[in-house]
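The same chain A turns up in both complexes below, where it pairs with chain B and then with chain C.
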Partner chain A sequence: MAARSPFARCKIVVVGDQFCGKTLLLNSFVNKGKGHEFAIFESCVVDFDLGSSTITLSLHDISGQEDYESMRNLTYADADAFVVCYDVSKRETLKNAEFKWLPEIRSKCGEDIPFILVGCKADLRQILHNNDLHKKALDLVSIKEVERLAARFGAYAFFECSAKYGRNVRQVFEASTKAWLDTREDLYAYFTEGLYC
Partner chain B sequence: MSVINSDSNVKDINQTALETRICVVSDDTANYDGLNQALQELECTVVYSTNGLEYIDDAADKYDTVFVFNNFEGRDYDCLHKMDHRIMGPPVILKCANSKEPLPYNTRPLYCTLMSQLIICFTGFRNKAEITRLVNLVHHMGGSIRKDFSTRVTHLVANTTNGNKYRTAVSLGTPVMTEQWVHQAWSTRHDSTGSAIDEDMMQYKMMPFFCCCLSFMGFSDEEQKHMEEVTQMQGGSSAPVGDKSCTHLVIDDVTVKDLPFECNGKIHIVKSEWFWGSIQMAACADETMYRFTKVDSSDHKTSTPGTPVARSRKRRRLRESIAALSKESEHESPHVPPRKRRSSDMGMLSMSGSFLDASHTPDSSITLRTACTPQSVDTAPTTPPAPPKRIISKREHIAMELLQTESNYVGILHTIIKVFKEPLEQNQTGGPLIPAEDIKTIFGSIPIIYEVHMKLKEDLSELLADYSDDKSIGEIILRHSSGMMKAYPQFVNYFEMTKETVNKCDKQFPRFHAFLKICQSKPECGRQTLCELLIRPVQRLPSMILLLQDLLKRTDSSSPDLEQVEKSITAVKEVT
Partner chain C sequence: MASVFTVIHTSCFSTQCFAYANWCNPVFLEPLKDTQCEGHLMFIEPSKLFGNLDELCQVSLSFCKILEHGLSRASRDSEFGKTEAIVSVFYTFRTRVCPAYQRYCLNYSNALSYMERLRKQTDFLEFVKWCEQDVRCKRLQLSDLLVAPIQHITKYPLLLKNIRKKTQDQTERGSLSATIQSVESCLREMEGKVKWLTNFERLRELQQLIAWPSVDEMDSKSFIPEFLRSRLNKQSCNTILTSPKRTLLHEGPMLLSAENAKSMETYLFLLDDVLLVTKMRKISKKKSSITGEMGMMSMSSQSLPHKKDGVLFTVCKQPISVDRMEVIEVEPQDANGLKHAFVILHINRYQQVQTVLTFQAGNSNLRNKWLTHLRAAKLRVNELARHKGSDNPETQEKRSSKGRKKTL
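Take a look at the complex of A and B:
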């Protein structure tokens, strides 16, 4: 195993089914709302201000690599935390989170790899309800289901977010950073000081 | 006191004026390991004496006498030395006997030849006795000394990292050694086969932070700890900011824009690049080139996030938003089923309203220090032309993103080559940073990939310069797919090894570690590590497929490009 850089730098990889909203989530976080103009997220490094201190995040998308396991493995290497995404309007994507993505990241990065569960396109929930599209609404993922899954796999947190409206986007990355800090006792006190004020 | 070997030839007056006679002084010297045998091999007249004085007189007329001393100290030695007689140490005799060479002609006492052919210059020694001692030792070992530094000097023995001599030696690549080097060489003087420039003597090269005491400012605790450890490994010490012994104040110029206190003029105030640069070149870098300068206070208030004013404001804002968030999560927590939310006091509509509130931009406190994608490195204009007053079709939009991301990608490949590969291949002050075969392992396929995508990018930008929906993008991709086929598999298959090589070198070679540190802070790298940049080629093809699939969806079924785009997707998929 390669030596890890000893600095407060956290590599976060966003995984999940194709078209479940990974790229938009990342672009929305990095490009501050102008993200929906782009179909591709290019890996980048950003500073994330946690109040008392700043953590450097290295962000990665696996978009387009859904069919290439060997490529994904290269992207997963040295990841510090994962954001496992599903589409709140497609129950199947949550199933895949359970049976494909979570087992995959755990087998590649260890059972204890910190992750958070994120339901993307939360705005659709609203729309489907408002328009009484019952048929489609049946496919909505219920919070109970997610809660159970999160508890079973030991997710650090779970969120629903809407990248389209920038809702909870920052929180997704804040939580995944904290999930990582939680595993690093040496850093935790230093970086979270003042976070819970 | 007897003549052992008297069968010396009749003097040839034309060639040599005097016969060389060797006088072994003291019993101690006579018992020197291997000396007697060596003397026999040399076929000279050898005499033995307790103090050598009885051979001084006739030395003037008949013989050129070489006095051999085991110890270059003591009254007898001093006496003969003062009278300018030739004096040698046993190792010289052994060496000459061994290599069947005549004795060297020496004017100064010569004990051994460990430093023969070396030209040495000193700098930074104040103590006269100390420097005299060093000069003598160098002479005893066959080295010569120059008062002034020149290109002919082979080694600089320094006691400081300041001064012109040190600076010049570093820039000329002349090895800079510590005085321990001289002493250590002297301690191995009995070894008649060695040399002061043997590999294991190179550990006495002067470390970059010799006699430097560094203080660090603006770094995270972890980074500072790492830097302090490195400082120690590189021959320096560290002290808290403000310590009197401090010689260099190293500042993280990304976070610190202003000095909170006045420093006395004796301390060098330098940017962190000085630190890593020194390690990379294995010498203390010129402080004047890395001097920390304050950012003009009039503009930092508005532009930089690092100032106390801006920071506290930001912290307050952050606190507010966290407070708001916790309030939100009470009501908006995903644990509450959505249907209930409607009936609760805080309705969904008002909530989403607050999310859209501009004063509340959720991501306002992320700072992107540098653009994540370097564009300046590329010479051709990267932004696709967007003529005004023309509606951009969805298809064109995707084509533009294809070009934009392609340009960024080419820029990254360019960065890998210009910032990493080429400097590593070029001559570095202090020798290569990593072995040539490792450079090949790491960067082998990058130039080929770069070539292909450079052309692809050019073709795409040409197409977009005069875009219409019936132009074939698929055809361009297809045109270059065979090039990709040649370049990629090799790279992707060996990526694991590439990465391992980078990590291995990072651990093994401190100068390479420093090099990576410096590169990473260059704006064109966007603070990505070399490994992070190198993985881009692995990720590019899937992204390209994604964009092409999008393009396919937006391509009219009647368009001739439809088939081409389909084909190009298949072709790119084949490469992966």
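Take a look at the complex of A and C:
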């Protein structure tokens, strides 16, 4: 099967601030929502079904390494795409995406490294609004802000997702895989045929 | 509730630890040794590739065993004491676990470049592919597995923090916090060493790649007496990069504007005390099959140029000592066609402006990053000078004049 060819392997690294939801996002994707809140994510390889074909994803989490730049940079070697996470309920995590994580992955993996922006814990948006917690709701990151940032840095896509309820989780990894395929003209046509049917 | 959580969580964690520590020997090292006994793959040096992974596995295995043992004994004895058990086991973290991981981390980048070299051998590739098929690898590749210990060690604080979250007792929380702090200080120390090493290795690499043209090449007009020619043929400053105290703060390509509207592509290196303006040159590479293509791909991604990309840098302007440098930002209203520009004035000891360099960055982000780094470097040098100046003004003067001689 062509999907098993060594080239159809995509290394995705999930970065972002501490406690912004990276690990839960990964666990929710890999274990189909059966992970618990405190599980630790170990690098793993999964087959990802893109419709007509399958791509092998190798997934990596930098959780625990947020404060150790040189050590986490060792994980970036040969990365094909990044998922840059922020917490929709904490504005400073988006600031850090802009001033820390994006510059870092670009300087280590090149200006053209494909990435997508992901707002985690989107379920909090509803909760804060429902409970009339206006003060906290003010701190919510608006989609407009993210849109601007995504356009400025050339993000392939941006999402809000809720790993807790499994909302948009698949889409995150589908988009990051497509972001990578986009840079690989040789593979793009072959692997995306099924996507637009 | 909390103690049940602690037990389950810790054992989950150590199961992952066990699983990890158990792959290395049977999956890679033992088959390699077996094959080498039969006289094949002799070119692979296991210690260079795997470092002290053996020791690492033993250490983390025994650590996990003690942890589980301590926990199970604590749960037999009473309902409480589990936090205590964990805290007491973590006393050995600094003395036993950390040093092994530190050795591994420091060897890791060497191991990585060694693996790159080995990958040119088809025998090695085949062997690795065969090993990676083992189910214990879970389809991870050798490079993923080699970096795993470094990802793993930083998860210990996460384990402890999770346990703390579930602990209500204030004294227990306090002792957990103290343990977390101690583990984190170990990790910070490790990070510092890795950082220093990364920088040192980049500088060592650059030392081989940066060429210093002789005085004759730089200034062909001056007359050099014949007897001095052989002596002046070479510059002796190429060792300045690898002083263990120097750090590389920033590097990157930059357009240097010239009078006749022609600009020159340069590549800048900012060290903590000096700014180097160089010209990057790509050496024509011999074309090889797949590895050649892969090499080109990594070049096009615009990450830092490395030795393997076949590049050379020639110092094309006089090095600018950071304390003799003035950085001026070009405001949009003064830009006059310049894009994302800034100016660097090289001012000598007598306040005479010697050189004016006008640089244009690729975009405003890149420019701002450079400005931040340049200003920070200047600030730090001034700060240092003030400290030293108050100690002994004589030495400071001597030092800078010595530096000047070197650069001129």
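We adopt the following convention: the second predicted complex is superposed on the first by the 189 of 197 C-alpha atoms of A that agree within 3 Å, B and C clash if a C-alpha of one lies under 4 Å from a C-alpha of the other, contacts with A are read in each partner's own complex, and residues count from 1 in each chain.
We take it that contacts are C-beta pairs under 8 Å (C-beta built on N, C-alpha and C of every residue); 3 or more make two chains touch, one makes a residue touch a chain.
Not measured: the values here are computed from a predicted model.
Once both complexes are superposed on chain A, the partners chain B and chain C clash. Once the two structures are overlaid, the count of chain A residues touched is higher for B than for its counterpart among chain B and chain C. Legend: residue contacts after superposition of the two complexes on their common chain; A:Gly119 is shown touching chain B, with no touch to chain C.
In the superposed pair of complexes, A:Pro103 makes contact with chain C only, with no contact to chain B. Applying the stated contact rule after C-alpha superposition, one finds that A:Phe48 touches chain B and leaves chain C untouched. By the touch criterion stated above, A:Val30 is placed in contact with chain B alone, chain C being left untouched. The intersection of chain A residues touching chain B with those touching chain C, taken from the two complexes, comprises 38-40, 42-45, 56, 58, 63-65, 68, 70-71, 74-75, 77-78. By the touch criterion stated above, chain B contacts chain A in their complex at residues 220-223, 225-226, 305, 314-315, 318-319, 322, 325, 334-339, 348, 352, 355-356, 361-369, 372-373, 398, 401, 405, 408-409, 492, 495-496, 499-500, 503, 506-507, 526-529, 531-532, 535-536, 538-539, 541-547, 550, 576. Chain contact summary for the complex, chain A toward chain B: residues 2-3, 5-8, 28-30, 32-33, 38-40, 42-49, 51-54, 56, 58, 63-65, 68, 70-71, 74-75, 77-78, 119, 123, 125-126, 129, 142-143, 146-147, 158-160, 162, 165-171, 187, 190, 194-195, 197.
Of all the residues in chain C, the ones that touch chain A in their complex are 5, 9, 12-13, 16, 20, 105, 108-109, 112, 138-141, 143-144, 147-148, 150-152, 154-159, 162, 165, 184, 187-188, 190-191, 194-195, 198, 300-304, 365, 369.
Taken in their complex, chain A has these residues touching chain C: 38-40, 42-45, 56, 58, 60-65, 67-75, 77-78, 103, 107-113.
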